[in-house]
Amino acid sequence: MHVVFYISAAIAVAATLLMLRQLNAVHALIYLVISLLAVAVVFYTLGAPFAAALEVIIYAGAIMVLFVFVVMLLNLGQAAIRFERKLLGKGSWICPAVLAAILIAELTWLLIEGVGPMYPPMTIGPVEVGAALFGPYMIGVELASMLLLAGLVGAYHIGRRERSGPEPADVSEEAHK
Amino acid sequence: MLDLLWLIPAAPFASAAVLLLVGRRMPRKVVATLGVVSIAVSAIVSGLVAIAFIGSPPPGNAYDQHLWTWIAVGGFHPGIALYLDPLSLIMTLVVTFVSFLIHLYSTEFMAGDEGYARFFAYMNLFVASMVMLVLGDNLLLLYLGWEGVGLCSYLLIGFWYRDPANGRAGQKAFIVTRVGDTSMAIGLFLLFHMLGTLNIQELMARARADWPVGSGLAIAAAALLLGGAVGKSAQLPLQTWLPDAMAGPTPTSALIHAATMVTAGVYLIARTHVLYEIAPAVQLAVAIIGAATLLLAGFSALVQTDIKRVLAYSTISQIGYMFLALGLGAWSAAIFHFMTHAFFKALLFLAAGIVIEALHQEHNIFHMGGLRRELPVAFWAFLAGGCALAGLPLVTAGSYSKDWIIASASPSPALWAAAIAGVLLTSLYTFRLIFLVFFGTARTPVSKQPGVAEQIPVWVLAVLSIVGGSERPAYRPFMAHLFGATPKPPEALSTIAAAAAFFTGLVCAWYFLRGDAPATNPLARFWYAGWGFDWLYGRIFVRPVEWAARVNHNDVIDSMYDGLATLARFVWRGLALTENGKLRWYAAAIAGGTLIFVALVIFL
Amino acid sequence: MIRDSLILASVLFALGLAGVLLRRNVVFVLMSIEVMLNAAGLAFIAAGARWQQADGQVMFIFILAMAAAEVAVGLALVLALFHHYKSLDADEASRMKG
Amino acid sequence: MILLALIAVLIGGGMVAAVAARWSAAAARWISLLALLADFGLGLSIWVRSAGAAGPWLVDADYAWLPQFGIRFHLAVDGLSLLLLMLTFFLGFVSVLASWSEITESVGFFHLSLLATLAGIAAVFLAVDLFLFYFAWELMLVPMYFLIAVWGHENRVYAAIKFFIFTQLSGLLMLVAILALYFFHHSTTGVYTFEYADLLGTALPPGTAMWLMAGFFVAFAVKLPVVPLHTWLPDAHTEAPTAGSVVLAGLLLKTGAYGMLRFVVPLFPDAAHKFAPVAIVLGVIGILYGAILAFGQTDLKRLVAYTSVSHLGFVLLGIFVGNALALQGALLTIICHGISTGALFVLVGSLQERIHTRELGRMGGLWATTPRLSGAALFFTLASLGLPGLGDFVGEFLVLLGTYRVSIPAAAIAACGVLAATLYGVRLVQRAFHGPNVHELRLADLAPREGLVVTLMAVALLWLGLYPRPVTATFQPAMDRVERVALK
């Protein structure tokens, strides 16, 4: 298990790094999916099979598909890659890298200094999770559902308003005819 | 009879109130009647009160009428109460009677003026305040009258308000006298703090009991009160307002100079003379101020060209005599001179008013001349008043009162010499005035002869100026014992010296001072400008205050708060720069902030 | 191992943050945010494993729901932005500042 | 009950007036007038009935409000607050009459704001629960802000915001001090209470007492105003409509003085005693500084506003001198200054209505065309410069008399302040009413309504100047208590 954990952790970090320096959005997405899948394996090694499954299904599956749709909708070609190269200036990585390095250092320092004795991971299956989710966290579930509804409405609203501009309106009128 | 005392101030107060409120809608006849009758009531009541008082003197030779308690706070309870003793009686009599004559005169003098009702209202208020000042039984009530006179002088000097110069003169009078009043107010605080009352009689008794002669507190109190007296009576160093006060209508000048206002200082010192007896240093200062003022004003009077300014300086000079007498402890002499001065100075002003009116508001004596025949009333009145003023020996009232003062000064050669020099000066400027105005050739045609209402007061006052001071057994002892001390009998030497000075002045005036044009040498100009006091005060006091007000027009402190606002705006500008709308900038800021907080958690 | 997984979460979070700061393209920014959210989820899972409780996973599920909603709205915004500015440069949108 | 009614009548009247203004502006005005008249009558009845009443309060009304925090809706009057209430209603009456023709826009809201301000002020004078006091203190600012910002003159928004910031910030300091006092009281007695009577004897370490006193002092000093904190006042007074200026000068400033007398001195007697020399110096500076600034102004309303700074210096002086004479003098000054300055603002307001300017340079010689107005202005100017026989003189003289016992230099310098008052007073009269009528103004003289206002105020001043004893006698018990504390 340990070996699997470390290998998948290394894959996750590497895939994320590669994602960051990609110019093509679709390539970046693929690296992101890889990173997410690696993290799913990490979940599994941590004794959370249900979470691992969700990670694969929802994150790497549903959400990423959404990204793919959008990237395709935007129809970015070679021009986009050139544009992207222009945006990514020579020294632009220095400041984020420094910030990220400091953050990693600080958090690692905290974890090395402050964490108490560790228990070996124990598998917690969907049953326990379901019991907790619909037991003490009922309100949270309701709130999450409302959040999703709000997200749905919001996304629809934002997308719709852009389409009710003058030109699309003409198109729709013609379509009616 | 004595319980009618309250009517003396009340009648003119009431009349003033009525005239102020509804006077503009009343016919002139009613206004004049009300204005004069109210003073007449005062005068008659004071006469009746005087008869009652002298006929059957109340116990202690004083009568106290308590009307109501004014203030009652923590041991301080001055009353609205009137106090009548020989001193306040003689003052009241003179004030009300002379004021009555001046009011009568005004009915004709002011006949054409649009502010007729306002004029009589102010005049009535003036008399009422003066009577209040005289009759008040405590210093606070006296202060009420004191400020009231100051106010009325301001209103009346600036009566013809359309000319800003008149307004300035009124303001000057008000402000300068208020400088003195402030000193007096502090004196009141001191007296109350140390002696626990402001009732004059109690105050005097306690002062005599508590303070040894020459004690510091007595000197301070007397000096502070003297400050007030000097302001109101136009003595050095606060004399500058009086010559300018001539901007008011002539009856006003008569009222200010003869009956009210300027004599208030003399009255105050006479009233509180116990204090000055305890503080001999201040008393000496009073004498020196009087002597210096009488000389200074005499020289200034010698070179004036405005008929009223000559009289104004002569008033300052004559009040100087009264101060001299007060300073010498000759209280009765001072009051005696006040009385005769009231008669002849009122007479001179009223006569001057006739002259001015007759010559179309001409004030310059070098444009007059030869009026002896055209205006005989004015001439004879002026002659009577002038002789009384200069002190024609044996005949006029003024000579008696002045001789008394000079005789009192005989122990001190310097003061005595000043008094004699004063007589010479008085004689010089008086006869210079008479010769220039009534002799020589006529330069301006006469357009108006005085009517009855103007003539009656003039004649009455002329008679009083002549006979008011002779040795009448009825009131000479009364006068003499006002203060419970017998006066020095006039000495032969003083009388002769004064007479000699008088005649020298008369002759010199005839030979040397009848020139056609005013003297223009630097000394004359210096005297003409009142010894440069106005210039000096302008530099020392007026300009700095005006400068401060102008510089600080916008309030320095406010600009400090404005600085605070500017600072806030500056900081806002700086912070607004960070709000640049760049998403990544915000994210970096959040990240940076997080890093700092985590670092704080780690390292603290 | 749990500590290491937390360190992994930190590293992923930091990388996501770096991505947000580095990229000007909003699509990439959104992807980086996904990485950061995922890292947070990992931290919850690790904490749940540490205490051997189900709560960690519950929290992960909430984060998942939130990420879904966020992506939906975020991508809608990306589309709107692209239609409006004809560009995916996030700094272009700074003209929106009020 | 009657105390609650005092406030309720004002608020109710204001609301009814606001509603009635939809149909008729005149109705709104009459309703406001009647409400104030009713309150004045109630105040008078309290005064008459309570003459010689024993106990600290003449009337006391105590209701539970938030008992779990020790907050009570506790209203009470003693002689001090009663007379200030009477002044409130009187000046409220005056300001309604004064704005009769000046205010033509949003008449209903205007009267609501005015009456709400007055209700807040009345509540300030009535409250003896510190929390309620603070509540009322902040509440009166809001409608006052509207009065300035909506119906004011050219620069009204600036002035309104400045006013609000100054008073609000200083009020927060007071809130901090009140809360600190509340917790200190709890830590020593174990009782949470905002009740004035209970907090009176709270034992405080001297340093703390000084700080808490400073918190209260600053709040009241801004209102009073004490000199370095006064700069909101000229702007607010100048830009406010007439009614606003009257209420500001006549009442709002007085809440500061009231607070000093009611809270600063009794709650922190030792600290106040230690602080007194500073306050006396501040008072004297205020007297002279305000007078000199008034002398330099060319805006008539601003001039009058600065005279307030000068006069309230006397009040501060009187309060911190702390003997019977000075305290009574300070109170009389409060009342008389409210009337005389209020009247001056009414007159300046009616002048501005006629010539649409406040610049002295655009006036001159007005006596010829408006003798009644000019005469009235002269009268109140004289009152303001301390002419004996009018109310202000008695107050200022007593303050100075009392001050002399404590500090001779302070009394002497403050007396020069009276002299400085002469300077600006005669300057005002000269520039506006005397002199030639260079601008050839022909104006309508005071209307009967304005005449009535002015006459009422003049009579009140004469009464206070010649027979102030009913007023001083009413103040006496309250002042005795303050004096006892101050001497202790």
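By letter and in written order, the chains are A, B, C and D; residue numbering begins at 1 in each of them.
Everything below uses one rule, namely that contacts are C-beta pairs under 8 Å (C-beta built on N, C-alpha and C of every residue); 3 or more make two chains touch, one makes a residue touch a chain.
Keep in mind that what you see is a predicted model, and the values were worked out from it rather than measured.
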- Item | Pair joined by the larger number of C-beta contacts - A-C, B-D | A-C
- Distance from subunit C to subunit A - Cα centre to Cα centre, in angstrom: 6
- Item | For subunit A paired with subunit D, centre-to-centre distance based on mean C-alpha positions, whole Å | 66
- Item | subunit B and subunit D: spacing of chain centres that average the CA atoms, whole Å | 37
- Item | subunit B and subunit C, separation of their C-alpha mean positions in angstrom | 93
- Note on the structure: Residues of subunit A that touch two or more other chains sit at 95-96, 99, 103, 107
- Going by residue number, subunit C touches two or more other chains at 17, 20-21, 24
- Task: Would you pick out the residues of subunit B that each touch at least 2 other chains?
- Result: 588, 591
- Here the pairs of chains that touch are A-B, A-C, B-C, B-D
- Item | Sites on subunit C touched by subunit A in the complex | 1-8, 10-25, 27-28, 30-32, 34-35, 38, 41-42, 45-46, 48-58, 60-62, 64-73, 75-80, 82-84, 88-89
- Query: Okay, in this complex, where on subunit C does subunit B touch?
  - Reply: 17, 20-21, 24, 29, 90-91, 93-97
- Query: Inside the complex, what are the residues of subunit A that reach subunit C?
  - Reply: 2, 5-6, 9, 12-13, 16-17, 19-20, 25, 28-29, 32, 35-36, 39, 42-43, 45-48, 50-51, 54-55, 58-59, 62-63, 66-67, 70-71, 73-74, 76, 80, 84, 87-88, 92-93, 95-97, 99-101, 103-104, 107-108, 111-112, 115, 118-119, 121-122, 124, 128-129, 131-133, 137, 140, 144-145, 147-148, 150-152, 154-156, 158-159, 161-162, 165
- Give every residue of subunit B touching subunit D within the complex, in rising order. 20, 24, 68-76, 80, 140, 143-144, 146-148, 151, 154, 158, 161-164, 167-168, 170-171, 174-175, 178-179, 181-182, 185-186, 188-190, 192-193, 545, 548-550, 552-553, 555, 557-558, 561
- Query: Okay, in this complex, where on subunit A does subunit B touch?
  - Reply: 95-96, 99, 102-103, 106-107, 109-110, 113
